[in-house]
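In the two assemblies presented below, subunit A is common to both, partnered first by subunit B and then by subunit C.
Up next, the complex of A and B:
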């Protein structure tokens, strides 16, 4: 009797342990997925990209939203990405799959500049 | 860009439009003012001044239209326009046509008799000034002159 109780408690402990490991693995996988599928937003307002410089991990999708009254564009200096003309409240997204620095500007207002740093 | 760097200014592709546009606007408006004065006073000097100002406006309208279209092609790669940009393009073209018509009426009258100049032209010129003013307002809005330095 005592032996069977011992075996049963051992089994319960083992099952709980395995469950814990599985849970740990699951949360690690979820975190990795979150990391690869993270997002960031840059607001365009009053002729300024805000924030002007943004640092994000590889795999991040950056979305630019035009909150200004007038149209703007988002054009990579190195021709990596380019948006169409964004009217008020229109958005443009780009996913950065390689590390590096990505300076960009508004082709209608070249004084408007920004930078995405991908690490 | 350094505004005194001539090479950089010419290579900017689109920058000339916002510079050149001031000439036809100023010449046309002052030409219309002289035309109204000529109509009121019947003085030939005012009529001559009106003609040459309108001539200048008609000439300057050509590079302004060309650089405006180039700006569309270079900056926006000719993509389909909408909103303020489309309105600016349409009204800008209408303004240029009205400037050429106004000058054409004066040029035709000079070849014939000054009396053949229709009084209705003043209405057309007033309409043109209004459209040019609105187009210029949109252009200023687009260029960001009201934005932060």
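Up next, the complex of A and C:
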């Protein structure tokens, strides 16, 4: 079990490494960080999760940051994850260890919805 | 301009312009709450800012109370870094009424982040009001992180387990509903099956001549579903109230005054005592409207309701803190 997770994370690191070369130029620090773990960020701005849908590799830690003057939450529709209330500039992170689709919403403003696709 | 539904929202009939001047007038018309007076079984609600223009006789009734809403204690961003001061201003306005209201209704979002100290501050400020009784319903900001446990312990003692309740005052039946729990992705406010069943039973044996006042945080009519300003199952709740001649629904949540009449039901939303929100669809999101400091108090307010037995009307008056 532990070994398979390790292998998976190695694969993620390899994929991200290639992505870094093929993709836009990034700072050395950013690339160094990507080598240790895959991360992604979703910004909450004007009552919208941006990007509304993101696709990430297994093992990615997604961080949501609230840029609004109003508190929001990040709650998985299928109860996989649930943040505490996030006031302005507060963050919530969750690491996705299994492939699948993870729809989520803000439980205070349920019209705000988003999706994480883990491949 | 966003589309409008057939149930057109009634803004200020006189000043509904969208030019800057018209807009500011409209904002000034919006108040921090409403003075509500029961007159002949019908509730009238008046903006507190307009009380000076009113004939004092129109403000007398069998029962009067004040609705305040959305104090958002703990909010400290533009346009209002001091929401405690504007709540206090609302209380001062209540205390300046010639006849003290019977009680206060707070239609939710007492706090901004459900913190104990935020609830403490509001309770403390409201203690200085001439009306001692305050009846609350929760807003979504009051039930964060703990599914409303704290709110229930403080404000809903004696209520049903879900927090809803009813009471009688001078022949008027008041119903406080909870529509901010268990919100579903993509959805609106929701009352839920259990609460609807309770409501049906609660009003079943009342005479149809009993004036009914329902209060809840999120509007019980579709103000602007695109921003979540409505309640999924409110139609069912209103169906149970069909037999009554006078039904008034008081809500908060949208931080501005809107009124609508539909059959036997009059709907009112009250202003926030903390910060204004844009008119439906007139901004990219329902986030706080940032207004110049000198204008802030003109967009905040309280609602004062007054009830007079005999004729059939219920008056709601909204006034600003300016």
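Following the convention adopted for this analysis, the second predicted complex is superposed on the first by the 83 of 119 C-alpha atoms of A that agree within 3 Å, B and C clash if a C-alpha of one lies under 4 Å from a C-alpha of the other, contacts with A are read in each partner's own complex, and residues count from 1 in each chain.
By definition in this document, contacts are C-beta pairs under 8 Å (C-beta built on N, C-alpha and C of every residue); 3 or more make two chains touch, one makes a residue touch a chain.
None of these values were measured; they are calculated from a predicted model.
With subunit A as the common reference for superposition, the partners subunit B and subunit C occupy clashing space. Residue contacts after overlaying the shared chain place A:85 against subunit B and subunit C alike.
Of the two partner chains, both subunit B and subunit C are touched by A:71.
Greater residue coverage of subunit A by touch, when subunit B is weighed against subunit C, goes to C. Of the two partner chains placed by the overlay, subunit B and subunit C both lie in contact with A:108. Once chain A of one complex is fitted onto chain A of the other, the partner contacts of A:53 are absent, as it touches neither subunit B nor subunit C. Judged by the touch definition given at the top, the superposed model places A:99 against neither subunit B nor subunit C.
Touched by subunit B in one complex and by subunit C in the other are residues 46-48, 70-71, 73, 84-85, 87, 107-111 of subunit A. Residues of subunit B touching subunit A in their complex: 1, 75-76, 79, 81-85, 141-144, 147-148. Against subunit C, the residues of subunit A that register as touching in their complex are 46-48, 68-71, 73, 75, 77, 84-85, 87-88, 103-105, 107-111, 113.
Put simply, subunit A touches subunit B in their complex at residues 46-48, 70-71, 73, 84-85, 87, 107-111.
Residues of subunit C that touch subunit A in their complex: 77-78, 112-114, 140-141, 144-145, 183-188, 226-228, 284-288.
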